[in-house]
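The structure follows.
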Amino acid sequence: MDKITGLIDAPFTPFYENGEVNYGPIGKYASMLKKNGLKGVFINGSSGEGYMLTEDERMKLAEAWMAAAPEGFKVIVHVGSCCVKSSKMLAEHAEKIGAWGIGAMAPPFPKIGRIEELVKYIEEIAVGAPRLPFYYYHIPAFNGAYLPMVELLEAVDGRVPNFAGIKYTYESIYEYNQCRLYKNGKYDMLHGQDETILSSLAMGGARGGIGGTTNYNGRELVGIIEAWQAGDIETAREKQNFAQDVINVICHYRGNIVAGKRIMKLIGLDLGKNRTPFRNMTQDEEDAMKRELEAIHFFERCNKF
Amino acid sequence: MDKITGLIDAPFTPFYENGEVNYGPIGKYASMLKKNGLKGVFINGSSGEGYMLTEDERMKLAEAWMAAAPEGFKVIVHVGSCCVKSSKMLAEHAEKIGAWGIGAMAPPFPKIGRIEELVKYIEEIAVGAPRLPFYYYHIPAFNGAYLPMVELLEAVDGRVPNFAGIKYTYESIYEYNQCRLYKNGKYDMLHGQDETILSSLAMGGARGGIGGTTNYNGRELVGIIEAWQAGDIETAREKQNFAQDVINVICHYRGNIVAGKRIMKLIGLDLGKNRTPFRNMTQDEEDAMKRELEAIHFFERCNKF
Amino acid sequence: MDKITGLIDAPFTPFYENGEVNYGPIGKYASMLKKNGLKGVFINGSSGEGYMLTEDERMKLAEAWMAAAPEGFKVIVHVGSCCVKSSKMLAEHAEKIGAWGIGAMAPPFPKIGRIEELVKYIEEIAVGAPRLPFYYYHIPAFNGAYLPMVELLEAVDGRVPNFAGIKYTYESIYEYNQCRLYKNGKYDMLHGQDETILSSLAMGGARGGIGGTTNYNGRELVGIIEAWQAGDIETAREKQNFAQDVINVICHYRGNIVAGKRIMKLIGLDLGKNRTPFRNMTQDEEDAMKRELEAIHFFERCNKF
Amino acid sequence: MDKITGLIDAPFTPFYENGEVNYGPIGKYASMLKKNGLKGVFINGSSGEGYMLTEDERMKLAEAWMAAAPEGFKVIVHVGSCCVKSSKMLAEHAEKIGAWGIGAMAPPFPKIGRIEELVKYIEEIAVGAPRLPFYYYHIPAFNGAYLPMVELLEAVDGRVPNFAGIKYTYESIYEYNQCRLYKNGKYDMLHGQDETILSSLAMGGARGGIGGTTNYNGRELVGIIEAWQAGDIETAREKQNFAQDVINVICHYRGNIVAGKRIMKLIGLDLGKNRTPFRNMTQDEEDAMKRELEAIHFFERCNKF
């Protein structure tokens, strides 16, 4: 299978004030991402509050992103849920509407304790979209599935034909590299932590990744890869350090799902609130965050429309 | 609000061999539970694989249990999910079909880290069934919500009018007792660990609970309460020790959801498999478990039809 | 081996203002404990900051307690440490000075991950005091040794001749009971959580325990056992609830090691500070704690000199 | 303060068959390390089983390393323990015998939960050796001290005059980089994971580190730094991948403390066993490990005498 090069964005899901999904801004959203160098979107994932959406909302969002996606812009649909039957149905839907690929994280409940359980879960979902590449989304901090990823590759190899790779959102660049080395790079290892892109490039020869802060800081994150490929380590470091400055700010306000989504409003694309049980930022918090972002000159470097 | 006395059962969900829900056995199931002394059911919870079911399946199961419930047999519907919008809808449905009450555990994702988040989650669901008592299902081993329950009672008191109490499935009999003492027993504290019912009776003066092994060992578990109330501590202990013997066995085969469900087949009510990612027992495991159960004379003391 | 009946106290270690151990108060301390119904002491354990003491200090404390112990008052010396060689030496010393018994918790580093490791650790220590009963101190919250205790009993049985039982400081009254049932009560199961003594009496038929809040609340805790044995469940419950009231207070001030030690000053036996890294209470905190204790009429029911 | 450049080794502690410390091999050990490019040693740390040694053994080992250290070879003494009084005494001893520096990890018991507790612990130790640089050894997997390291730097800055930096043995290269950026590199950030040296060089501009597998694979690890500095990223990656191959092998046999120590025997420096509760490798395990190492041509690239 072809590997992804460049950065895919994990978009937020827009909501109306009354808490219902707002499909309106997606066209503008997709264009903006494309313009700032992103290669596609990984929708209905953690940044998109996918687990907090109904089945119906997830399908409508997938359709909206398909309708909005510019030429050559990949739409990957996260279909993971606690109910494997529902996930399989979402996979079938994704294939039917022409999505580029699908993905799923391990369910947070029941907690997956063994590779065998995870493979069976993946298998039953992936078979729903046999012509699409399937990406396992490894984010154990969210679901407790602290399992060895090389063993996962060994287990799916030869068993899940459309298994394409891993969105790797975990701190072990050691394991990331070991996965990349598996059968000389048989599987696509998408780095999934914007704060350490440079690390994946140096250690692992990464070519692609999926970002969450790419929603508003995509130009600089794309710039890290470009600088590295041009042999300009100093520029790559400067941009990586800037990306960490931005992430430092959102960490003061409950992270990307809450604070990152609010930054979208500050750069001109109001996406509304988060669903319960996320605690939405107050106006005071928004004001304070804005000042912190100004102090690092974020608004001069952020994504543009 | 009235408090529950006696034991409520958390039933398993029957599946066909092809993995679809089998609503057929529910009538027989309800009668059997009633006959063995259970006072009602807490459906679509962890024993019932509620999180592994689609919204539609959950509603149909609730309807099937309502149709099957004998006179005076309480049907409490677990409506918790990662999507609060879906949970509220399930609450509305439960009230519409005449369920006795509703309940919800904390969502496993996003992980609840603060009482404030949990209260908001509860509030948005409970409002969907304003005339039904709402029970919070505290089972932090399943969702990571290790929060102080006395603080939860303080937070819901005066804010969530139909909050009735807690199904307490956690080891701290200290905290259980503190909750029971809150405002002289304002809230209903349903003990939720069959291995320590006697403990809740002695320490906390418990009057009711919700069991998982009551599905097949309900007579003995009901007997613990009866013996205690009759002042017969020796009989209560013997039955509690027997209940632990049974639980020791299921712990050898991945616990109640997997092994307990299989015991139902052994006592005459085949409920089929578990959904992925649960690992179903092999025939060899079933045979071995049967021998272990015979060794403790389980089949002489188990629930009868 | 004989089993312990009644409650053993885990005493605090007195310090001078300059941080050195103060052996002075031990005589008065021992007399007071005896007078209030305690049957002995478990010294140099967690309440005694044993791990925060030098080898030399631990031996001198053992000698001081031996010198102070009234007739028939048991002195059990906790000899556990990260260095098994040091622990064995402390065991030899305990036997040499005539201590009644020894004990050790699992070392916090390296973290014990297997029963086999724990048994070897116990074995190498216990052999240093072959004529004394050895108690394993199970307190996994302090050292991460979340191991199955029935398996420990199976592993030491026939291998560690002087293994006497377990000081069980963990919430699973289920496991506690299973250990008690092992070979019809072969090993001595000392309950180790003052907040749930009644639970161990009802469920497990416990006869003894080791307390930390017995230092200042021993009369009431002894009273729980007496009331239970007299068949007076209401009095037992009232005293247990009072014990929980007291524990609620110390939990507001960093628990027994810090707050409990300060209570000793308030009842007339100033034992000084805790060693770093414990954070000692401020005067304001002490004042606030005193008010909380007065509100529950603690000073009318506490230990007397 | 000057920063460390190059790699410092964390040596194992030699034991006789009877379990006593064997000071004999230290001279040969030090020469070998120097010859293979190491710049010094960090003794009595986790690789050296420092916590499993008596105070007396720790001091004698420090003296033996001082006597053996070649010209310009740094001896840093790990003095951390659960007893801050003992640690301070070890710090005084280290300064007295002319050690180059000292270090301490957070105590595993009591578990440190706040920066304030950690700073006080560090302060009381560091004052024992006021003329030596103090390194905090951050290895939370061993002691549960998952604390934010930038906050530690802020807290010690201006308060602990001889605080020099952090030996950072944790996976967050993001946090590592943030620490390095603190006040333009005020503190020395020693990378402490041999599997990701390249990552620290690329992301953080690291100049030095402390290794555990440097004991036997030091030439290749030093080679990563040299290749990076020469701009030869391909060689750096090849050597880093080889280092991961070696680490993959030791992970099959309980890690560096157990398996790494046994490798020393295989390359010609038998250091004996580990202390209980470590489980020593069997002969079969040793043979199997040797075959795995041969398969990756380890013995052609390992450290030489």
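Think of it as A, B, C and D in the order they're written, each chain with its own count starting at 1.
Just so we're on the same page, a residue touches a chain if its C-beta (ideal position, glycine included) is under 8 Å from a C-beta of that chain, and two chains touch if they have at least 3 such contacts.
Per UniProt, the chains are A, B, C, D = Dihydrodipicolinate synthase family protein.
Keep in mind the model is a prediction, meaning the values are calculated, not measured.
Greatest Cα centroid separation from chain A: this falls to C. The distance from the centre of chain A to the centre of chain C, with each centre set as the mean of the Cα atoms, comes to 51 Å. Taking each chain's centre as the mean of its C-alpha atoms, chain A lies 36 Å from chain B. The residues of chain D never reach two or more other chains; the list is empty. Taken pairwise by the contact criterion, the protein chains form one closed cycle in which every chain touches exactly two others. Pairwise chain contacts in this structure: A-B, A-D, B-C, C-D.
Across the complex, chain C is touched by residues 19, 51-55, 81-86, 107-112, 114, 116-118, 120-121, 124, 142-144, 257, 275-279 of chain D. Interface residues of chain C, counted against chain B in their complex, comprise 171-174, 177-178, 181, 193, 195-196, 198-199, 201-203, 205, 233, 237, 240-241, 244, 247-248.
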